[in-house]
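Naming follows writing order (A, B, C and D), and every chain is counted from residue 1.
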Amino acid sequence: MSITYLDAIREAQARALADDPRVLIYGQDVGAFGGAFKATKNLAQKFPGRVIDAPVSEDAMVGAAVGAAIEGMRPIIEIQFADFSTIAFNQIVNQAATLFWRTNVPCPITIRLPSGGTSGGGPFHSQSLETLYAHFPGLIVMTPATVEDAYSMLIEAVAIDDPVIFCEHKFLYYHLKAEKLPTEALPTGKARIARTGRDMTIVTYSAMLHEALAVAEELAAEGDEIEVVDLRSVKPLDTDTVMASVARTGRLLCVGESWPWGGVTAEVIARVASEGLALLDAPPQRINAKDTPVPFHPNLWAAHRPTAHNIAIAARKLLRM
Amino acid sequence: MVQSDIRPSAVVAFSGRDRMVQAFRWMLLARLLDDKFTSLYRGGKIQGGVFLGRGQEALSAAVGLSLRSGDIFAPLIRDAAGRLAFGEPILDAVRTYLGSVLGPMRGRDGNVHRGRPREGLLVMLSHLGAMISVVNGMLLARRLKGQTGQVGATCLGDGGTSTGAFHEGLNQAAIEKLPLVLVIANNQYAYSTPNSRQFACRHLVDKAIGYGVDGHSVDGTDLEACMKVVGQAVSRARQGQGPQLVVAELLRLCGHGEHDDANYVSAQLKQAPVGRDCLKVAEAWLREHDWADDMALEGWRRQALDTIEVAVATVQREPAPDALKENWCTLASKHLSEGFHEIP
Amino acid sequence: MVQSDIRPSAVVAFSGRDRMVQAFRWMLLARLLDDKFTSLYRGGKIQGGVFLGRGQEALSAAVGLSLRSGDIFAPLIRDAAGRLAFGEPILDAVRTYLGSVLGPMRGRDGNVHRGRPREGLLVMLSHLGAMISVVNGMLLARRLKGQTGQVGATCLGDGGTSTGAFHEGLNQAAIEKLPLVLVIANNQYAYSTPNSRQFACRHLVDKAIGYGVDGHSVDGTDLEACMKVVGQAVSRARQGQGPQLVVAELLRLCGHGEHDDANYVSAQLKQAPVGRDCLKVAEAWLREHDWADDMALEGWRRQALDTIEVAVATVQREPAPDALKENWCTLASKHLSEGFHEIP
Amino acid sequence: MSITYLDAIREAQARALADDPRVLIYGQDVGAFGGAFKATKNLAQKFPGRVIDAPVSEDAMVGAAVGAAIEGMRPIIEIQFADFSTIAFNQIVNQAATLFWRTNVPCPITIRLPSGGTSGGGPFHSQSLETLYAHFPGLIVMTPATVEDAYSMLIEAVAIDDPVIFCEHKFLYYHLKAEKLPTEALPTGKARIARTGRDMTIVTYSAMLHEALAVAEELAAEGDEIEVVDLRSVKPLDTDTVMASVARTGRLLCVGESWPWGGVTAEVIARVASEGLALLDAPPQRINAKDTPVPFHPNLWAAHRPTAHNIAIAARKLLRM
C-alpha cells in the first residue's frame, strides 16, 4: 500500500473525527462530495452530521468556527484554495487570532489552506500565504513537506488550543508517497534535519524541501555536502535548529515559494544575522518566487518559483563565496 | 413579516408590570452609567473613545431581558442597557472603561470591547458584522452537542447592514435554520452617514425576505413595543422558527462617540417621532399605567446612581495593568510562543 | 418584481427574428467552442481547468446581445456565449486557454480569466462576487465624467450570491442608483452544493427587494424569455431605473469543470423543465417559427465549426510565452520595482 | 502659521483635487462631515460631487476604486482605520495589485490607511499593516514620517500609476508640525538620512523615526553619533541608502512598530546581511512591537511598542558589541 500526502490529510481528519467527538469539518463541498481535492472523501458518510457543507462564505465559515471553538468544539475549516482565505482574512487575523489573548477563551480551530503553485493554476489558485499569517500574532502556521508530517501535524493541529493555519501544498498531494502512516513525530515547533551535510545549510519548508533535497543530491556528486533543514512550521520557527546547522556549515541559503518581501526567508536570515552573525562564513542568501503574481502558463510558472535548477546555481555560488 | 400571531396572553408575558419596570430600570441604569462615563471622559479619566446608547436603551434592554441564562448575547457599542439586563456585572463595564486590570479584559481591550464568552456574553470585534457568524457557530455547536432551547442574539446598526459579514452571517444562519435573533438598531445614521447613503430599500426589514427569515419591525422609542416584538422574535427563534430579523427605528440621541457633537443630525428627525427619548416615553407609559410615580422613579434613580457610584469608587481604587506583570503571550499554548529575542 | 411594463413593440425588438437567430448562433458557437476545449483538455492540450457554459448559453447570449458597444460586461466562468455576443474575439478565448503569448493575457492568466478592460470587457477575478463593485466603480466614473446611456452587466452563480462581495456590491449600486445589471444564473448547484445549502429564501429574486432594486426572474432554458427579460432589464438600467437583478433558473449540463462528472446532480432535476437543454429549446423554437430549417441549422453549425477550427489552428502555431522575455514586473511604474537581487 | 501632519494630508488631497479632474475621494464619512479624523474637511464643499460618502463596505469601496481607475480616474480611498482594511483585503491584494500585471491597464488608486498605535486605541484601532501589503507584489507602500513627506508623498501617490497603500500614522496627526508645506521632495523609493552619524545606523520609518531621533539626540550627549535613516516607503525599500549608511557606520539597528515576524525590520536585515555582510562590524539588530495584539491600556501600550527608552538600551548595547 502506498499513501499520498493527500491521503495522509484525509486519514488525519478521519482519525481526529474518530478520536474526538468535538471535531467537526466545515467547508465548501466537503460533505457528500468529499471536497474539491477529495481530502474529506467518505468522511461525511462515516461521521454523519459532523462534516458540513458551507455556502460560498469564507468570512462566515471562519467566524462560525470561532463560535464553535468557544463552545468547546475543535473545528477544521477547509478553504477551497488558500487564495480564498483573503475573504476570511478579518475573521482569521482579528477574530480567531486574538480571541484567547482578549478573553482567555482558547480558539482551537484548524484552517486548512490548499496552498502553493501547480502548473496551470494561475494567480488565484496558487498562492503561498504563510507569511501573512505568520506576521499576525496569535496564529500557528504549519507547512508540512512530507506525507508523514501532513498526517501527524494535522492531528497535532487539531489538538492544539490555538488557531492553526495548515498550509498543505497542492503540488505534493498526489506526487508524494509514503509506505505507511507514522506512529510518532517531532512536536510542532521543531525543525527537522532532512539531510545532513557540512558545507552549507539550506533552510526551507513545504514543496521546496524536495527541490532542496534534489540539489543536495546533485551537489553531493560534486563533492559538496549540503545540510537541508525542513522548518515544518514557520511559526513557531525553530531558530535553534537553524542556528545549530549554520554553526556546523557556516553557510546559509533560504528557499521559500512565497514572495520575497518579508517572507519566511527574510525572517530566517534576520534571525541568523542577529543572533548568529559570527557563525556565518559567507553572506546568507535567499531564493523566493519572483515578485509578481503566480503566472498561469507552465513556461512562466516554472521560472517564477524556485526550482532545483536555480537553487543549485545559488548553492554553487554560495559555496564559492 | 411576522407581527400578529401572538396570543394576548403572550403579550402580557412580554410586557407585564414586572417586566416593564425591570426593563425601565435597566434603561435608567444604562443611561446614568453612560452619563457617568461621559463625565469621566470629559474629566480626562478615560482613554480612547466613549460610545453611548442614548436613545437606544429601550430596544437594547428588551433584547437583554428577552434572553435567559444559557442564551448567547453579542452586543454592540450602544448596548449598555442590554448588557446589564442580560446580566453583565456593572463592574465589568466600569473596569473595562477605566482600565482596571481586574476587569474581564485586563486592560488588554477597553471601553465597549468586553464580555465573558464562556458565559454567553461575547466580546465584540470592532469590525462591524463580524459577530454574527460567531454566534452562528456557537448555536451550531450546541445543536451538535444536543443542547436545545437556547437562542443567540446580536445587535447591529444600520451601517452594519452594509457589511459583507452581515450578509454572509445572516445567510448562514438561515441555511442552518439557527435560533439567531439579529437586532438592527436603525438610528438613522452610521457615524455621520444618513440612511440614504447606506441602503436603498424602503425599510431595512425588507431584507428579511431575501434571506428567507422572519422579519419584525418596531418603534425603537417605545419600550412596550420593543418588549413585545423582541420578545416574540426570541420566542419564535427558541421554538425552532429559525433566524429572526428585528429592525427598530430610533434616533441616536448623542454623538457617534463622545468626541462628536453630531451637528449633522437633521433637525427634522430630532422633532419626528423617531427622535423621541425612549426613556421619557417609557417613564410616561409607566406613569400612565400607574406602574410608577414620582417616588418610585426617584427611588430607582437614586438606587441606580448609588450602584454606579459604588462601582466607580471601587474600580478607581483598583490597580491598572502593569507591563512587567503582563505575560505578553498571545497563544494559549505558551510553549509554542516565539521568543523574539529583542534586546531590551 | 418588474415584469409587465414593456409594450408589445418592445417585445419584438428584444426577440425579433434577427436577434433570435443571432442569439442562437452565438449559443451554438459557444457550445461548439466549449466542446472543442473539452476535447483539447482530454487530449492534454490545456493546462489548468476547463469551465463550460453548457446549458447556460441562452441566458449568457441574451446578456451579451443586450449590451451595446460602450457598455461594460464582466462575465463569469460559464459565459462563453455572452462574451462572443458582446464582441470578444474568439481568438482571445482560444489563445487564453491554449496559453498563446499573443492572447490578451499573454500566458499570465488562463482559461476563463481573460478580457479587455479598456474595451469594457472585464477580466474576472476567481474570487466570486469581486467584479460587481468594479463595474460599479466604472459606472460611477462615467457618471462623473458625464458619460450617460451606458450600462454595466455582470454575471454570477447561485453560489456567488452567498459572498459578502455580492452584498456590498449590489447595495453600493443601489445607493448610487447605478445602471448595473446583475445576472444570476441559478444552475441549482455551486460545484456540488445544492441550493438548499446555499440560501433559504424561496427564490433568489426575492433578494431584490432587500436592496431596493428591480428584480426579474426568467426561465434560463428559454432563449426567447431570456432575450425579453434580460433585454428589458438592460433597457430599464439604461433609462436610469437603477440596478436590475435578473435571476434565471436553469441547470448546469456539465461538471463544475471538465474534471468533474457531476454525479451529484439529482436525476429529478435533470428530468425537470429546468434541466432542458437551452440550445435544443431554442432550435425547436426557431423551427416552430419557421426561422430556421435543417439547411440553415446545418449551415450555421458548419460555419461555427469552421470558425473554431481556424482559430485553434491559428493559435496552435503561435508561440508560448518565454520566461526569458518576460519582464517580471508587476508595476506600471517600472522605475519603482524592487530589484530583488536573487542569485541565479 | 503651523501645519500639522493631518493638515498636510488634507492639503495634499485638496491640491490633487484642484490640479487633476480625475481625482476623487471615496470613504465613510469623508463628505460633508470631513472624515473621522477631519482629513477631508471642507473638500466636499470645495469639490462638489468628487468627495463621496461610502457605505460601511470596505470591499466594495476598493473594488469601485479599481473600476474608476480602469476608467482613467485616480481615486483616493479613505479607510477609517487601517485595521478595517482587512475587510477590503481581497480587493486590495488580488484585484488592485494584480490588475496591471494581468491586463496591462494601470490601477492608479491611493488607499489611505490611518495607521499605528495611539494610547487607548486598542487592538482594532492601532494596527500597522505595512508588512502585509509590502509582501504582495503590485503595491507601493508609503510610510511618511514627517509633515513634509505626508504632503509630498500623498501628492505623488495620487500621481503614481500603481496602487499605493498610504500608511499615515495617527500618532503624528496632531503632534507633528511644520512651518510650511514643501515645494520639493525626494522621489518615492528614496530613503532620507534624517540625521548623520558615524557610529551606528538606525533604519526606521513612520512614527518610530521620532523615537529614533530622540535616541540619537540622547546618545550624542554620550558621545555616540547615530545616523538615522527614514525609509519613507517600505516598498520600494531603498536598499542602497541603507547599505551606504551601514558602510559608513558598521552597525545596524532596525526599528519598526509592526509585529516582529517578517516585518520591515526583517526585510532590511535580510538585505543587508545578504548584500553587505562585510560591512557589518556587529550583528544587525531589530526592535519591533511585541508579538501580541496592540493593547488598549496606556501602561501596556507603552510597553508594547518600541520607544526611545528601549531603543536607547538596544543602541547602547549594540555600540558596545
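FYI, a residue touches a chain if its C-beta (ideal position, glycine included) is under 8 Å from a C-beta of that chain, and two chains touch if they have at least 3 such contacts.
Treat the numbers as computed from the prediction; the structure is a model and nothing was measured.
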item: Longest centre-to-centre distance from subunit D, chain (CA-based); value: C
item: Chain centre separation in whole Å, for subunit C relative to subunit B (CA means); value: 44
item: Centre-of-Cα separation between subunit D and subunit C, whole angstrom; value: 40
item: Distance from the mean Cα position of subunit D to that of subunit A, given in whole angstrom; value: 30
item: Two or more partner chains touched - positions in subunit C; value: 105, 108-109, 113, 125, 127, 162-165, 168, 171, 175, 197-199, 329-330, 337-338
item: In subunit D, residues with contacts to at least two other chains; value: 54-55, 57, 59, 83, 86-87, 90, 94, 97-98, 101-102, 123-124, 137-138, 235, 237, 261, 274-275, 285-286, 290-293
item: Contact graph of the chains (line, ring, star, complete, other); value: complete
item: Subunit C - residues contacting subunit D, complex; value: 104-105, 108-109, 113, 115-118, 122-123, 125, 127, 130-142, 144-145, 164-165, 168-169, 171-172, 175, 329-333, 335-338, 341
item: Subunit B partner contacts - residues on subunit A that touch it in the complex; value: 24, 49-50, 52, 54-55, 57, 59-73, 75, 90-91, 94-95, 97-103, 105-108, 137-138, 140, 160-162, 188-189, 235-237, 274-275
item: Complex contacts: residues of subunit A adjacent to subunit C; value: 28-29, 32-33, 36, 53-57, 59, 81, 83-84, 86-87, 119-125, 260-261, 285-288, 290-293, 295-300, 302-304, 309-311, 313-314, 317-318
item: Contacting residues of subunit C [partner subunit A, same complex]; value: 46-49, 99, 105, 107-111, 113, 125-128, 159-160, 162-165, 190-193, 197-199, 264, 320-324, 326, 328-330, 337-338, 340, 342-344
item: In the complex, subunit C residues that touch subunit B; value: 162-168, 171, 174-175, 177, 196-202, 206-213, 242
